[in-house]
Structures are given as structure tokens and as C-alpha cells.
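What follows is chain A paired twice: with chain B in the first complex and chain C in the second.
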Partner chain A sequence: MSENMQARDAVLAAPPFALNAAEKNRLLGSALAELTLHHAGHCPQYAGILAAQGRAAPIGIADVPFLPVRLFKELDLKSIPADAVFKTLTSSGTTGQVPSRIYLDQATAQAQSRALAAITTNFIGKDRRPMLIIDHPGVVRDRTSFSARGAGILGMMTYGRAHIYALNDEDMGLNLPAITEFAEKHAGKPIFAFGFTFMVWKYFLSALERAGITLDFPGSVLIHSGGWKKLEDEAVSNEQFKSVALERAGFDHVHNFYGMVEQVGSVFMECDHGRLHAPGFADVIIRDPLDWKPLGIGQEGLIQVVSAIPLSYPGHSLLTEDRGVLTGEDDCPCGRMGRTFRVLGRIPAAEMRGCSDTHAAAA
Partner chain B sequence: MKSLAEVFAESLMIDAASVVDSLAYQSIKEWDSVAHMVLVTALEDNFDIMLDADDIVAMSSVAKVREILAKYDVTA
Partner chain C sequence: MSIAPEIIRQISIMAPAGGSIAATLAAPRAAPFAPERLALVDAVRKTILADPAARSRPEMVALAFWARAASLAKLAPTDGLTRAPRGLALHIAPGNVDTMFLYSALLSVLAGNVNIVRVSGRESDALTLLLRLLNEALATLPVDVRACLLIVRYPAEKPINDALSAHADVRVIWGGDDTVREVRASPLPPHASELTFPSKVSAAVIDAAAWAAAPDQAEQARRFALDAITFGQQACSSPLALFWRGDAASVAAAQATFWPLVESAIAAANEPFAARAAVDKLVAEQMLAAAGAVHHRDTSDYRLRVTETPDLARLTRLASDGFFVERRIDALEDLARLVQRDWQTIASLGVSGDDWRAMLTATRPHGIDRIVPFGQALAFGHVWDGVNLLTSLTRIVSIEV
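Moving on, here comes the complex of A and B:
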């Protein structure tokens, strides 16, 4: 890359939860300004949108122009020539819905892997623990076409070892022989479990409850993602989810994360105090849906996400279709710097999406 | 103990002759993210080491893998 991306390089190299508000606004703000220029110079549609908005060059994080996330369903937006496309990501293309198409080059894909590693190891440590994948092996079997769910699981497998799948292919039932063998082999040791929120609740925690089985993995971590929509229909709160995960499986650290395929590297992980954290190279802005002004702590609005990672497509600043509220900045009891927030759900007019939860969506 | 080229060839199911230093992750269809995890397990078993998450992310080519193994006093 011949362009000057000094601020982007610096913000990506910083530890993920170390920048305070002033440092972050300067460094991430400059990185996002670099990216805005970069995409305007390499993606004609993006340049057209900016020209139509008549915006001046951004000077702070909240000044960066944002695109609605659904634009990636309607337009093929990329800032690289077709032959530089290394990987194409698609969002959950459930029946009747148009998936987003996100084009990654090697540099963007690598920055994303590094960012995900920095965040994940910040929460579970660098040592790879025995890993319980709360899904069925079939989800990653077809190597030529992974679902978003399969891709998510593969991405997380890096952080574990001696992986086993907790569910059977045939009926999503508990694979009790595999789970028992795993539990005996790693008895009393902290393990790492990962799955999609709905799968973990419906096919793992609820199934353990029904069968009257209690597992014991003290000191273990469960990371889950994929959205709460289906669980809200069953009236399951995050608090209830966590307490059942602790009682049934001994998972004392349960981290939900919020993210979307349209903005690689924006992984907002929930800490032990129940807050979602923005890492240094990404941020969240809550906007008033009536005048688009940024809102302060405690005020509900639409979630905008920004990330220094997207080089290959103009997705560094996106307006989501989710509602949220800021809960603080540089003041979480867990000690991580940066903004914290809660997600309140999808806006009513948005099309139905289940994130990576394609199995549940088909049900 | 198998050689690094043998571990690569068996994990990725490719010919040992094609395991050259410049061979890069995702540059051939056989070295995809699934095969990458197979490779990690095979390297750990064969060389009796424990790689950490950063190592796995950094394993972008055969040459890079050799460099990472050297950190664990493995000459491969």
C-alpha cells in the first residue's frame, strides 16, 4: 500500500483495551480519516456517496460519514481490483433474504485475524485450553461452502485445543459419550467453550437441564454470539443465560459478543461486569434516529460501528439496524479502557436476520 | 519424528515436493482454515510442543512455521 496509513497502523498495533478517550479520539479518529480518503480514492460508488453528502474531511471519530449496513446487500462495494479479492464473506442468507457481500484482500483478512486474536486472548489468555464446540461437526464439514456459523466456529478453534463437538449431526442431541469422555479427561481444569447463543441455549443448556445432567468445568470460559432475538421470544435474559450456564456446566465466565460480518474486526466482547467493550481499533456511537446526533451515556438510539480494519471495502463506518445504549467510557470495573454499551435489539422495521444463526432461522 | 515437510504433506494431503518455504496459507485450496487446525495438531504431536494462539495466527507460510518452531527449540 503506497498510501500513508500511519494512524491506522498505530491504532492496530496498540493493545486492544489500553487507549483512553482522548488518545483514542485522536488516533482512531485519524485512522478513520485515512480510511475515508483511501476508500474515496479507490471505490467510485463510495466517492459518489461522499460527494452527495457534501461532507468535509472528518476530524474526530463521530465525524466520519457512515453508510447504512444494508447497502452491502444492495451494492457490490469494494476498494480493490477484482483480482485482489482473497475471501468473500456473506451474511446469513436465509431464505428470501439477500446476503451482504464483503470483499477482503489479504491485508484486511490478516488485520482481522490479528484483531480477533488480540481481543480473544485478552479474555481467555494465550494458552489454548481444551475446547468444547457447542454445535455439531457437520457445520464445518463442507469445506467449499461454510455457513457464517461454520466460519465463526473455525475462527474460534484457533484459541482451543483437543476440540470436541457437543452435539450430534442427526438431531442436534447431546453427544453424551463425547462430552463425558471430554469431562473426564479434563476434569477440574478450565476449558473453553464456544457456540452460537441460540444453539447453546436450546441444544446444550436446556438439554442438560431436561436430562438432569450437571457438568463441572471450574474456571471455564464460554464465549457465545449470534444475537438474542430468538431467545427473547422464549423470554431468556442474559442474566438467566449466565446463571444456567454456571449451574449446569460450571462456566463461571460467560462472554457474549456483538459483531457483524459487514464490519470485520469489530468484535465487542462482554466482560464479567456484563458490559460490551469497544476495542481501541473500533468504536461504537449511539445516534438519535431523528436527527442522527450522537447520544450520551444512558440514552437509547441506533448503533453506529467504526473500525480501522476495513481496507478492501468501504465498511469502516456503518450504521447498524440495532438499538443500543452507552453504559460508560474508560470506567468499567474490569479495568478495560474504551466505551461500553448494551444492545437492546433490532429496530422494528429491519428485515429479519439471525446473524450466523442459520439453523434456527430455518426451523 | 517426522520432518516438517512430511507433517505438512500429511496434514494438507499434498505432495511433499510441493512443501517449499514460500508456500503460503490460503494460497492453495488444500491449506484452508480446516487444514490449518489439522496442521497445528500434527505439529504439536510430532514435535511435542504447545503452540499458543498468536503462533497459529502467525503461521502464514512454511518459512514462518519453521521460524515459529525455532522459538520452541525445534529445528525443522
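Moving on, here comes the complex of A and C:
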């Protein structure tokens, strides 16, 4: 990149939960302004969208124009020539829906991995632990076209070692021989488990309960994501999920995270106090759908996410179709700086989105 | 020929209470405008007017107004020809505009046909209300009279459509291209006819000079707003675009006074606001901006959004609940180049009927079914999408002796 991306470089290099509100608004605000200029110069559709809004250049985080995430289903948006596309991510969606198409170049993919590493290691530590992938191996088999689930798993695999898959390809049943061998080998040691919320609940925790199996990995961490929609339909709360994860598998740190394929790397991880945290290079703004003005702490609205990562596509500022509420800023008892929030679910009649793909929908 | 029990089991009878497919198939036909058929329509009208919830909904009041004896009497043909009902009419009602199906069903009742009406499986307050009112109205009528109008709900599956279509003498399909395609897969008997009302789009036209001179601007803006937001702008007849006739300066001046009045009218209507609709509008305006140079008009909030586009290529339903595209034209002939086959209603302000006739004669556009004043876009007529429903729902018996 020939452009000046000093602020973006700086905010991506900063420790993920160190910036206070004032520092962050200055540094991330500048980074997002750089990205807005960059995309306006490289993505003609984005330039058209900005021109029609006729707004002044952004100066703070909340001033950055935003695109609704659905635009990535309707349009092919990228800020790189076709031959620089390194990898294309597609979103989940129910059958018959057009998925989002997110075009990555190497620089963006690299920034995603680094960002994800900074956040993940902040929660699980720098040492690589034995890793239990709560999915079936088939989900990552086709490496040219990743599903959101496959991409998520491949991204997380970096932070573990001696990986095994907990489920069988054929029927999503527990792969008991593999799990048993893994449990014996790493008995009593902290491990790292990752999976998509619905898969973890339905095919792992519920299956362990049904089979009457209890695993013991004290001090272990389970990270999961993909949305609560299907679990809410089964009336499973976050608290219930956590307590079953502790009883059945000894996962005493369970971190749900909020993220989307349109901003991979920018994850909002839940801390031990149950709050989702915005890292320094990303942020969350809650907006009133009536006029899209930003709302304050405690006021429910639509979630906008911003991130300094996306260089290859104009996705640095996105309006989601999820409702949420800010719970605080720079004041979480866990000590991490930045805004915290809760996700309240999709706006009514929204198309099915999120990270778990169609298998779970059909299951 | 009867309908198999496993098909019957899947059909829920919504009205009248105690009604059945068998009773309706056996119900007597009537002469067009027979007294008992007029009585049925009148019972529906009275029930609507007696119900406070129905009276508070403009589309219900419009239906009751249409069903007055005086307005129905005007529908009776005066050409002296002898008309007979066609027989069994199968109506597939649309999902988005709840009252629309009732107009065509009631016209078919007047025509003397026996009717089975499939209503949408989608729940809505308006549909629930209508079904309750229909039940009340039909309950006041003799059993053999009420059997001529059976409202049903069933899964949109081919075997059921097949079974009912096999009995139909005429089939009326509302509800868009996909529904028409789906229902058409079920064959009709050779003699049966079919009326289809596929997806349509509509627009409005204002002459900028006429607007500037209009003495009742606020009222005209209110009518435009109602045309647009009733049924959430999702009816075939709801205007999606506004074309301004005039030079650039007078159009700009007219826009500056028109939209704020529309905005006030929409605010006054106080319809519930949905975040989903706001997101749809944002997506729509950004898609337009991504495709070409456009201008988003400043509005105070997302109840109303307007995007001005110099070269609207194709009129499509991009969003609803108060989303418009607008552009300027020099003359109606410019509009003719844009008209597509699926254009239905033009709500027209300040453009004379003679201007429209001249344009239609000179350019013969493929679409445009009706041109109406503001406030009338959603007013149902027995001529719809270019078809005289009453004529099509009866047959003419030639008597030449």
C-alpha cells in the first residue's frame, strides 16, 4: 500500500485492551478516516455511496459512514484488483439466500490473523494448549472455498496444538475414541476448546449429557461463537450453557464472542464478567434506527461495528442487523479498557445470518 | 368427482363457521346480482361498519364504502345481454394486501359464482380481523347462501392446488409472479378460464408548475402519503417512484415544498416504525448510490427516504414503508421510454387526462393499467390490471331468437 496508514498501523500494533476512550477515539478515529479515504479511492461503489451522502470527512469514530452488512450480499465490493484476491470468504445463510462475499488480499488476511491472535492470547494465554475442535473434520476440508464455520475454525487452530476433532463427519456423533485418547493424554491439564455455539451445545454438551460422560479438563477455556438464535429457540441461556460446560467438560472459562464474516479478526470476546469487549482496533456503536444517531449506555438499538482491519474491501464500518446495548466504557471489573456491550438478538423478520452455516439450520 | 379425504384434511376452513368443501361444491349458483348475493355483500359491509377496530382502518372503510348498494348498482352491466355465472371460482389471495382478495371474491359472489378463497398462511392483524368480520357477516345469512363463499387456508402445495383446480370453472390468482407460476402448475379443466394478477409496480407523476399553483398542497401531499404508506407501500398500486414534469428550476422548487409536507403527513399517520424497514431503506439508497450518481434528499428521519436519480433505469421494489426514487422529466414522452410491462398505476397530479391520452396514443407503452388522482391509487375498481373482473367472472349467453 502506498497510502499513509500510520494510524491504522499504530492501532493494530497497540495491545488490544489498553487504549482508554480518549486515546482510542483519536487513534482509531484516525485509522478509520484513513480507511474511509483508502476505500473511496479504490472501490468505485463505495465512492458513490459516500458522494451521495455528501458528508464531511470523518473526524471521530462515530462519524465514519457505515454500510449495512447486507450490501455485501447485494454487491461485489472490493478495494483491490481481481488478481490481488487471496481468499474469498462467504457468509452463512439459509438455503436459497445469497451469501456475503468478502474479498481478502494478503495484507488484510494477515491483519485478521494478527488481530485474532492478540485477542485470543489475551484470553487463553500465550502458551499453546492442546486443542479440542468441537466440530467434524469435513467442515475445513475444502480449503479453496471456506464456509464461515470452516474459516473460523482454521483461524482458531493456530492458537492450539495437538488438535483433534470431537465429532464424526457422518452424523455429527461424538468421536469417542478420539476424545478418550485426547482426555487420557492431557488428563488434568488445561486445554483449549473451540466450536460454534450451536454445535457445541447440540452435538457436544448435550451428547455428553445423554451419554452420561463427564470429561475433566480443569482450568480449560472454551471459546464459542455463532449466535444464540437457535439456542434461544431451545430456551438455553448463556448461564445454563456455562454451567453445563463446567459440569460436563470442566471448562471453567467459557467465552462467547460476537463477530461476523464481514469483519473477521475483529471479535468481541466475553470476559469472565459476562461482558463483550471491543478491542482497541475495533469498536461498537449502538444506533437508533429512526435516524441512526448514536445511543448511550443502556439504550437499545442496532449494532454498528467498526474495525481498522479491512483494507481489501470497504468493510471497516458496518451496520449489523443485530440489536444491542452498551453496558459500559473503560469500567469493566476485568480491567480491560474499551466499550462493553450485550447482544440482544436479530431485528425482527431478519434473514438468518451469523456464523454457523446451513448444516446447523437443517439439523 | 369428489376431493380425496387426505387433501380435505389439509384444508382449514376459516369462514363461514361450519362450512365445508363439500357444502360449497354443492352450493347453488345464482343469477348475477341476485338479491341473496347482494344481501351477502351488504352483510359484510354492515359488519365492517359496526366494528370499531375495522372502522379505524382506512382500507376497511374503503371496502365498506365500495360495497354500498349505490356503488354496486353501478357495476351491473346495462348492455341488455344475458349473463350467467361461470360456476366455481377458485381465488388465490395475495399475502401482502389483506383486503384486496375480498374485492375480487365479493365481485365473484355478485357474479353468481360459488367461491373458494385461499388466504395467505401469513398471520396479520388485518387478516385476522377480516376473517372474524366475515364469519360474523356470513353467520347472519341462510346456510345455502353463505356456502357460496368459503375462505380456506392450506399449505401452498401442488396436490391441494391440483385437487381444487380440477373443480374450478375460473381461477383468480393474486399475489405476484411466483404465486402465479406456482398455481399455474396445477391444471384447470379445459373449459375453465383464468385471471392472473402478477407482480406490478406503480409510480406517481406531478407537474411542477401545477404543484406550485395548487391551492391544496398539504391535502395533496397527505393523499400521496396515504397512497404510499397504506399496506406499507407493498401493494402493487403503491407508488414507488415520483416523476416530476417540468424544467429543472421549477422541479427543484416543487421538490423543496412537496417532500416536507409528505414528511409531516407520514408523521401524522403515526404508523409503527420498524427497524427492519429502516435497514431496508439504507440498503436501497446505498445500492442506488453504488450504481450511479444520485442524491439522497435530507429528511428528518428514516420514516421517509427519497433518492433522486437522474437516470432511473428500471423501476423495482427496493424497499417499503416510505422509500421513493424521484427524477425529472421534460415531457410524458420521456416517461414512455421508461415504462415496463409491469407498470400498473400512475397517481397523477397536475397532468391532464388529455396529456395522458396523447402520450398513450403516440407512444403505446407496454405497461400502465390505470391513471388516477392522488389518494385513489389503492381504490379498487372492477376494472383491474386492464381486466373487467365482473365481465370475466360471468359468461354471456347469446340469445338470437
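The rule we apply is simple: the second predicted complex is superposed on the first by the 354 of 363 C-alpha atoms of A that agree within 3 Å, B and C clash if a C-alpha of one lies under 4 Å from a C-alpha of the other, contacts with A are read in each partner's own complex, and residues count from 1 in each chain.
Just so we're on the same page, contacts are C-beta pairs under 8 Å (C-beta built on N, C-alpha and C of every residue); 3 or more make two chains touch, one makes a residue touch a chain.
This one's a predicted model, so the numbers in the text were calculated from it and none came from an experiment.
S.K.: Output check: A:R114 vs chain B and chain C. Expected answer is one of first, second, both, neither. What do you get?
M.R.: The answer is first: A:R114 touches chain B but not chain C.
S.K.: Using the superposition on chain A described above, determine whether A:L67 touches chain B (first), chain C (second), both, or neither.
M.R.: After superposing on A, A:L67 lies in contact with chain C but is clear of chain B.
S.K.: For A:V325 in the superposed arrangement: first (chain B), second (chain C), both or neither?
M.R.: A:V325 sits against neither chain B nor chain C.
S.K.: Go through the superposed model and pick first if A:T158 touches only chain B, second if only chain C, both, or neither.
M.R.: Once the two structures are laid over each other on A, A:T158 reaches chain B alone.
S.K.: Go through the superposed model and pick first if A:K126 touches only chain B, second if only chain C, both, or neither.
M.R.: first
S.K.: Based on the superposed arrangement, let me know which partner A:A14 touches: chain B (first), chain C (second), both, or neither?
M.R.: Neither chain B nor chain C is touched by A:A14.
S.K.: Considering only the touch criterion stated at the top, classify A:L290 as touching first (chain B), second (chain C), both, or neither.
M.R.: In the superposition, A:L290 contacts chain C only.
S.K.: Do any residues of chain A touch both chain B and chain C, and if so, which are they?
M.R.: No residue of chain A touches both chain B and chain C.
S.K.: Mind listing the chain A positions that touch chain C in their complex?
M.R.: Going through chain A, the ones touching chain C are 45-46, 48-49, 51-54, 67-68, 70-71, 74-75, 77, 289-292, 302, 319, 321, 323, 347-350.
S.K.: In their shared complex, at which residues does chain C touch chain A?
M.R.: Residues 273-276, 278-279, 282-283, 285-296, 300-303, 307.
S.K.: Tell me, which parts of chain B touch chain A in their complex?
M.R.: 26, 32-34, 37, 41, 44, 50-54, 56-57, 60
S.K.: In their shared complex, at which residues does chain A touch chain B?
M.R.: Those residues of chain A that touch chain B are 86-87, 106, 110, 113-114, 117, 120-121, 126-128, 140, 143, 151, 154-155, 157-159, 161, 163.
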